[in-house]
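Read the structure below first, then the notes.
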Amino acid sequence: MNNGKIPTRAFLEMRKEVLNQWITGKEVVLDEAIAYQASIQAEKRFSARLAKAIVEKETLVQPRAGVALPAEHIKLLKHLQDEGTADLLPTTIDSYTRHNRYHEAQTGIDESVRTGKSLLNGFPAVNHGVSVCRNIVESLNVPLQVRHGTPDARLLAEITLAGGFTSFEGGGISYNIPYGKNNSLEKTITDWQYVDRLVGYYEEKGIRINREPFGPLTGTLVPPCISHSVAILESLLAAQQGCKCITVGYGQCGNQNQDIAAIRTLEKLTKEYLGRFGYRDVVVSTVFHQWMGGFPQDEAKAYAVIGWGAATAVLSGATKVIVKSPHEAFGVPTAEANANGLKTSKQLTVMLKDQIAVETPLLVAEMDIIEKETRSILEAVLKLGNNDFGLSALRGFEAGLIDVPFAPAQCNANKALPARDNNGAIRFLDFGNLPFDEDIKAFHRQKLQERADVERRDVSFQMVIDDIYAVSKGRLVGRPR
Amino acid sequence: MNNGKIPTRAFLEMRKEVLNQWITGKEVVLDEAIAYQASIQAEKRFSARLAKAIVEKETLVQPRAGVALPAEHIKLLKHLQDEGTADLLPTTIDSYTRHNRYHEAQTGIDESVRTGKSLLNGFPAVNHGVSVCRNIVESLNVPLQVRHGTPDARLLAEITLAGGFTSFEGGGISYNIPYGKNNSLEKTITDWQYVDRLVGYYEEKGIRINREPFGPLTGTLVPPCISHSVAILESLLAAQQGCKCITVGYGQCGNQNQDIAAIRTLEKLTKEYLGRFGYRDVVVSTVFHQWMGGFPQDEAKAYAVIGWGAATAVLSGATKVIVKSPHEAFGVPTAEANANGLKTSKQLTVMLKDQIAVETPLLVAEMDIIEKETRSILEAVLKLGNNDFGLSALRGFEAGLIDVPFAPAQCNANKALPARDNNGAIRFLDFGNLPFDEDIKAFHRQKLQERADVERRDVSFQMVIDDIYAVSKGRLVGRPR
Amino acid sequence: MEKTTVVIGVIGADVHAVGNRIIEYAMNQAGFNVVNLGVMVSQKEFVDAAIETNAKAIIVSSLYGHGELDCRGLGDACKEAGLDVLLYVGGNLVVGKSDFEVVEEKFKKMGFDRVYPPGSDIEQGIRDLTADLKNKA
Amino acid sequence: MEKTTVVIGVIGADVHAVGNRIIEYAMNQAGFNVVNLGVMVSQKEFVDAAIETNAKAIIVSSLYGHGELDCRGLGDACKEAGLDVLLYVGGNLVVGKSDFEVVEEKFKKMGFDRVYPPGSDIEQGIRDLTADLKNKA
């Protein structure tokens, strides 16, 4: 694994192999790609739009969306732009492409053509190649981002950046732990250093590409300190390869105080750690993900969850919010359902723009605990890896110093267990090997005991299960029935 | 106008005339009605359900609903109860009945039968009479309230209370000013003293009926101090006639801090004034009305407004929330749309039940200003009327010491004008004759000037117009385009 | 040039006052001489006012859902009174969310020249009125 | 009495791990011997595990929308391997919100004994399985 920016020559050498992974790799010619990117006007660039939002204190809305075939994909995105009034657009990649199974993706494309129905859960950008991507970018008026979940996204990045996308989601940790089973963390971090280096290369040539570590991880009761630690490590890794525009993310937990505290500390700590290692010129923005766990099936109830997410996002001051649809519990939304989720969200991001969440003692206390926890993790991890970010992450996960709840990845300890406290904030029920001092641990225990007392039952795994189902059943805290 | 509780004998004499207003009046036999009310179990009584909600810190959800014909009306309410999971049910009365135009209501009923479609905007309870009302009450499992807007509701109260309804909305001020043009305030206050006396009579016989002054008034940019003053005067009037269970209301303004401050001060001040005049045994609860002004036409956007209302209601600690539907901008909602509004609201009232809005300096400041304003109005008004509540109200409106924005009633001064400040809180742009001291006035002027500076235009009526349209156009503050 | 007079008001037992205020304001701004009858206006009041003020148009609003019951006969009443006015109506004309084309047809049959769906922009109404008045002249 | 063995897992390139954990927990609680293959399980892994552990049922989950592509052939593969197992499938089987009856029919044709719509309660699955196993015995 690299520690330090990959030297240009070595990087250019690596590219050859990457571009050979699938035939569309041949379409990428770096100089031409940079010239193409340079031709994209500011309004359609992620970095510029985010910078404007920061100045004007806006919270931008962005959906998830992707279907198998280009024409349908463009139609879908246009609908989200025009009817849904999306400020930013995505292209969500299908799961075969995410696993580099381009042959299976091709089958999905062919079957989708045959049946006239998208049989893939996203857009297979690698199979479609550079010029199709450009076609998409040129058909729309707002900035476009690649959203996926790909452990090895090197070829995908090459093709989509050459294709004119101005933002790329993911990271060596956040697209491994929640998105795979047997992927070596060493390999995914290395592969993502390549992606970051590619973005750094564009940056050197004057093309700013936005990078966004995937904040919500498993989307299931992830305490802020865990996702913050991952976001900050990935920001450091990205900055090290020359990325200068980073959006750190967080998935809503549902307790408003904790959510606002999370966004504020995420921004603060990311800037702090970047500064500490000398990356002071990185522009940091934040993304708030509306509730990422199981949704209610009923659409009216789903609208409630969506609206609450948008409201919390704007009150927290997040730069953008990723929006869910009323179809969430069922499947990939139709264009209409997706636009509806956007409209619900936009109504609130604009309506509440002029209200600010003030710093209350409760908010400050929650910020303090998140900061303490995150620092505990990061300090322990960075020490173990001698401030080599990749190595720190690797060893940190090995030792369970970072531990993502409910992750499918075998390189994750899977010992820490979260549960909600009596006000719905997410705490730890089991610390696993998290490097917390006794004060922090006592705080969590006390918080869960408060709930146990109210519910007249012991703190137990049953609480966790009840919490997993809670939102989909119309509650936040999974009370006993 | 009476000052003091109407003597029993006089009251019973008045009843004869009232019951003669329409033939169904004959069906009312007071002793039998009381016996019938006594047979209604606690779960179906408003007072008991509200008391339980107060103890358990719940925020109950209640829709508006009413159609012309009994069978359809029952079907509608059942749907709202079973599918919409309404905690409390209404019966919204049609506009002809509200104006005592029972002949026109009959035409509406007949035409509705003929066309098989409800041509009335509510349920004409007087025309249908006592036994039909009982039928409705018996068909449902949750408490039922009469909601209307009737300046002279004496007969309606007689029939519906004998019919088993356990709560009655309205008041001599709140059902005059926003709901009529030429109604004498003296007459409506007197007529409502009758209604309150009727409720007091039931109370004497051990039957508790909930009374709810109509909080939102014109629903259009009403500053909290105005609606608070009306709510408190009506509470005093009701308590004087023997009512012991009062729910005071407030219509959402959209700035969360002001809304929470409003509910908290409404409860506090109502209890304080009731106590001051010796009505210490009155049980006071609060109702929060989701946004009462113009709604967005788009249903996804309407869901956003509905959800935000429900969230603010529960965070404010209101005892119940009156719910809008996604059809609000178009017309009386279908049963399905109405149930959807309920479900969106319920998801949030339950999900956010365990979160409390803490007292921040900002909240305390807003509570202070609302208290000061409300006290200024009430003290001036009570002084003018020598603590005779009816007279005070009458003279207060005459003098413009209370002044409801956008009211159709000619007895309202219509000089005060509201506009939003830069954070969306509702302030006064024109004070009319409101009895505010210079401190209060300076505060409002400063707040509006802040906005004017940001918008680079003068404080003017154009702001008011922009604010009236704002929510329906996706904003809260009507910024210039 | 003399201002064109229009009569405006909210028909029936309807008390929705906010839109009416805005219509008054907007039509004044647009240069009309506005006779505002306010809310709860009967058919007779509309007709009498139009006669009295020599109005060129009657702008009826109905928000509360009883529009169909309240407006029936207004067209004929105008004719009978010998009035030659443009008759416009808007607001939330019927009970419930419904197919506007059906509603429009119904009100046109009652004698209305133009019928507007819920939430229509009054500015559009003013543009239409200006054009219709020109066409008539 | 010996416990009945069931094989569970999430098929294809699907990594949704949460439901799988809960199914493991619930079936353990219900007294089954649960062989959990976790996420990203191939058809071959399901078949091999069932043979190896002498399982009486295979419980397939598919959440991510590629269920149709991934499950095709699993029924035949079981038959070919000479397996006599109950084959259940649940989750969010296809891309998008769709008519469940059509989906059910499609998966039954592929050889599944029972097919469950999105968000189905695993307890229902356990009740059905207990009944089906009894019927078979």
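Chains: A, B, C and D, in written order; residue numbering restarts at 1 for each.
One rule holds in what follows: a contact is a pair of C-beta atoms (placed from the backbone, for glycine too) under 8 Å apart; a residue touches a chain by one contact, two chains touch by 3 or more.
A quick note: this is a predicted structure, and the numbers were derived from the prediction, not measured.
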Target chain C, source chain A, minimum contact steps: 2
Both-way neighbours, i.e. chains that touch chain B and touch chain A: none
Centroid spacing, where centroids are CA-atom means, of chain A and chain D in whole angstrom: 30
Centre-to-centre distance between chain D and chain B (centres being mean Cα positions), rounded to whole Å: 54
Between chain D and chain C, distance of the C-alpha-averaged centres to the nearest whole Å: 65
Category of the chain touch graph - line, ring, star, complete, other: line
Pairs of chains in contact (touch as defined earlier), listed by label: A-B, A-D, B-C
Parts of chain A lying in touch with chain B, wherever the complex brings them together: 254-257, 296, 298-301, 303-308, 310-311, 339-348, 350-356, 358, 360-362, 422-424, 471, 474-477
Chain C to chain B touching residues, read off their complex: 12-18, 21-22, 25, 38-40, 64-66, 68-69, 92, 94-98, 118-119
Residues of chain A touching chain D in the complex: 95-96, 98-99, 101, 104, 107-108, 111, 118-121, 178-182, 218, 220, 293-294, 297, 327, 329-334, 337, 406-408, 461, 465, 468, 472
